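First chain A sits with chain B, and in the next complex the same chain sits with chain C.
Moving on, here comes the complex of A and B:
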């Protein structure tokens, strides 16, 4: 009897403590996701208060929409370029800034982390000036080095806009990956390196025999987190290029935004269908991520 | 145990948010009178009016100024979530959007009869735009204007151009004389809605509107459009257009023009007020000329009747106060203040004579007076065509996107792209007409045909009676 009362009391406490977070998660994550899937089945002009059921028509139209298909391609191109670069460069910085020989570690870590806490929209606005083809410092330097002709618009060219934007995104989020790498590196016991040193191992040998194998599970997680980040790129691209020139930087997130808000007639149902497809893809990434986590745990 | 916890949490998650939702107030709060605006130059005028009301009534007021793009987003979200402000300006440039919004119940009528309005307002009002079923839903606060004015710096340009070729030569001269430091023209290419409007107005000025009103067909691949593309692409290839134009919105393009990075900017009349406020208080280096696409010939730019300045939302709980405020915007002293800030010309243009405005502003007003006419409005001919506009999907790439594609290197054959766009527009409207007809509405291509339209004449209300 006593044990049952105590059990019920524990249950009440568990519920009370979990409730605030669960309600917020339900209201701001689960419910919008469910509603988005429902809206995706509606033909809903943004000026209307409610849509009309149209079945899977939005999905059929999406897969025949050149701009949506382009945005899929752009999203993957961005991911394929930005993720490996951010992953590798941040790892190199992590190794450097974790090394005992490195001076002013805190200063450099702060310096690399600063862009992370700066608003993406502000970075976008400033970078337009920095990459300005007429008077921007990047062009002046590249011209000075003889690498480009006068007035090369790196953000305004169909061939270079996506990669230039990706470099800016990598620079902005480098600090975040750096934190992951440094935390991972600091989890490796110093004794292992000391033992390797006693055995006469070189720096490279220590890296290959100790650092790399022990970092592997962390690296998988960092890679998957970076992939997730790259799929959510929005604010920087919105301010830098607004998806242009000629859709060359129109990622799925921008496509959803433009369709839902800025088109002549906003299309809420259609944008929701695009968002649902995107969410499904994200689910696949999350499943892969948890599978790797599990394997790492074992 | 875990199952029990999960069950309780799920039940509470469903019950609690809906309890909160039921308890929330609909629309604007009773305690705060809210006003959303995108007319930057009216900030002081509106704020002093709101402060006065607040002091008299003791009610809290909230004024929010946003850029047109941001305000469009906010209004769409506010409508869907029933949180619209009491009074709002409309940043949607597309006339058909306003018709759809009315049909969907965004607004409520002003507490005023049409007969009681000042004559200047009455003259500018149209059924289906500012009036519905005889009720007044808004009053125009501006007179007609367009965004195809060519502003330039007289310090760089000695003689205003009257044709594309003269513009090209002038831009070339500016570029060469400055050793490539100053460009001829800067364009806000990412502000596609505005650029679309401007291109269509340039086609009007060239005598080939984008709709052929004798057949109702689209005309986006007209000779005038080809000429526009020819000169724009030529100027781009020769480096005469600011290379960042591809990434500029209106604000950025205007800033670069104002600081002298380019000689020409195509903009609306408010460029005078904004330049004075933000860059050049003396307006020492600004002049304006007529759209060059007219080739120096008499021309006309066609606009749909003016939408209202401000509308009262369906959520407003004090229509009388909102009506008073909106109507005070068309009083002569406020109109004079509006003219003084050199934004769009006020609906009562007679006050401009008493206003402290720059010569360029007066010249622009004169251009509008001489060259703006009303364009045929299919919705005025057949209200059901609003359903067709709402059904029509955006076709891409549009002319401005094609130009942007050429500038960025994505498109080389712009001529083929323009033909394709025109064909797709025709097909999309046909599809939309069919869909709307299948829903029981009586619409057809004939609704876009206006046989009594004559280029050079305004399509006034009486012309609809002749059809």
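Moving on, here comes the complex of A and C:
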């Protein structure tokens, strides 16, 4: 049925109402996405007004650039460590806070979600102090327990900087996944559990028979959202380590930022080539998600 | 629940605790401990902001300052320039919220109520770009903004923050308007109201909860965003927002821990207060991503 809004006299209004969104969407997403791919074929330093066409030269150089290859590795290492931990920790909290007998659950949820709303750049600044090797509380406690050597800089050492930043990132964003889990768990109707109880199922049995299978589709979505988040990590790393020490925390996004904006001679074409490769990762995540959705729909 | 006085509430809690099996009480205690450790960094931050830096360096774990001092707040606010950063953040954030609300509500309304050629395609393209992060588009965005004269201006930052897909906000509005009855629109037409009039005085006021959620999510994203203001403010330090100001401050005064903690507290207070007061909108905004 055609709605009356679509009648001719209103068509002008339809266009006017769609215009602001369309312009902002085109100017800040569609056009830049196309331009990034175009720029990636240019040899262009930031001081020139326009670049020169150089074919796939930037891509060839990228795959021979140790710093870029390192940033690829760092991005994956970060993802492989941080995503499973955030996923499992948030699931555990979600299950605990969803149980009906749990006391003060909204209070706990409020506190666990708190870091999510805070400013990443500020968290970076505070955490530098909290993880300070000589005066920070984390080192005082860990040295007291004999877990680390005196004066060990967790954020400043090549072997620990990435994992320490990842833990801080998990801490900051765990509350987000927690909300995803709670929303998913609440979509399971209570009657199912009551029926299981009447049938004499134990808590563990009803978890395996009801909760786990019904949560599976949500778990996949939560996993994909978390992977997307982990690829996007930027402000925390920029303020915590700025990619150091020795590029051990330089993710692709930091590589793009440094190459395009802060290097002595900024290289816009080269950075755009890296951004194009980076965008492909998100395409993969999006394709997996839509493939999964389609399968679920059948 | 909210109307109850404190005593009745405590009695209610006591009753609830007494009826709860012991193992759940133990669980609650364990959770209490974990969550307090979880937000320890914020306690540490506030405590550090009221100590002197000498005291901070000498006794690490004790959270209570020897002498409460607000000097660091004065230093950060006046000398550190945080009063300017704060105002810039407020202006930028309000601007971004206004733009996002206008563009997303009108678009969501049309996508829900009107039918036109290519609507399905419009929505598909919109949703498909949901994942594109700022990091991959920032270079062309800065070039486009430079050529339009928006680089280094407040308007430029606001538009860049409010630009892009904003898929979530558009979809929240669309699904809200999907549920409004057709008869409302028809009643407006019968009363002789024009198309925009119906939208602004009937439809938009009705969408309060969605508007609240979108406002809060935009507030959080704009207040906290670092990359966009960082790139836009390279040529014009006058319009620095709090996160960018913090980077400059911690670069210049890296050993002034009390000052940095005070500056951090100043930056976080608005988001934290807003979160505590309007929690359910934050939560429903975030939960929307997984339900959709």
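In this section, the second predicted complex is superposed on the first by the 278 of 298 C-alpha atoms of A that agree within 3 Å, B and C clash if a C-alpha of one lies under 4 Å from a C-alpha of the other, contacts with A are read in each partner's own complex, and residues count from 1 in each chain.
We adopt the following convention: a residue touches a chain if its C-beta (ideal position, glycine included) is under 8 Å from a C-beta of that chain, and two chains touch if they have at least 3 such contacts.
Only a predicted model underlies this, so the values are computations on that prediction, with no experimental measurement involved.
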Overlay on chain A: chain C relative to chain B, clash or fit: clash
Which of chain B and chain C A:101 touches, first, second, both or neither: second
Greater chain A contact set [chain C / chain B]: C
Which of chain B and chain C A:246 touches, first, second, both or neither: first
Touching partner for A:256 - first (chain B), second (chain C), both, neither: second
First, second, both or neither for A:31, with chain B first and chain C second: both
Partner chain(s) touched by A:85 [first = chain B, second = chain C, both, neither]: neither
Chain B versus chain C as contact partner of A:156, first or second or both or neither: first
Which superposed partner A:120 touches (first chain B, second chain C, both, neither): second
Partner chain(s) touched by A:279 [first = chain B, second = chain C, both, neither]: second
Contacts of A:209 with chain B and chain C, given as first, second, both or neither: neither
Set intersection of chain A contacts, chain C complex versus chain B complex: 11, 14, 18, 22, 27, 30-31, 128, 134-135, 260-261, 268
Chain C contact footprint on chain A (complex, rising order): 2-6, 10-11, 13-14, 17-18, 20-22, 24-25, 27-33, 35-36, 39, 96-97, 101-104, 108-123, 125-130, 134-137, 140-141, 171, 176, 179-180, 182-184, 187, 218, 221-222, 225, 228, 231-232, 234-235, 238-239, 252-253, 256-257, 260-261, 268, 271-272, 275-276, 278-279, 282-283, 285-286
Chain B contact footprint on chain A (complex, rising order): 7, 11, 14-15, 18-19, 22-23, 26-27, 30-31, 45-49, 66-67, 128, 132-135, 150-153, 155-159, 161, 240-242, 244-248, 260-268
For the chain B and chain A complex, residues of the former touching the latter: 1, 4-5, 8-9, 12-14, 16-17, 69, 72-73, 76, 79-80, 94, 96-97, 100-101, 104-106, 180, 183, 189-190, 193, 239, 242-247, 249, 252, 261, 389-390, 392-394, 396-397, 401, 404-405, 407-411
Of chain C, residues touching chain A in the complex: 16-17, 20-21, 24-25, 27-28, 31-32, 35-36, 38-42, 44-45, 48, 56-57, 60-61, 99, 102-104, 106-107, 109-110, 113-116, 125-126, 128-133, 135-141, 143-144, 159-160, 162-166, 170, 182, 185-186, 189, 195-196, 199, 220, 223-227, 231, 234, 242-244, 246-247, 250, 257, 260-261, 264, 267-268, 271-272, 274-276, 279, 282-283, 286-287, 289-291
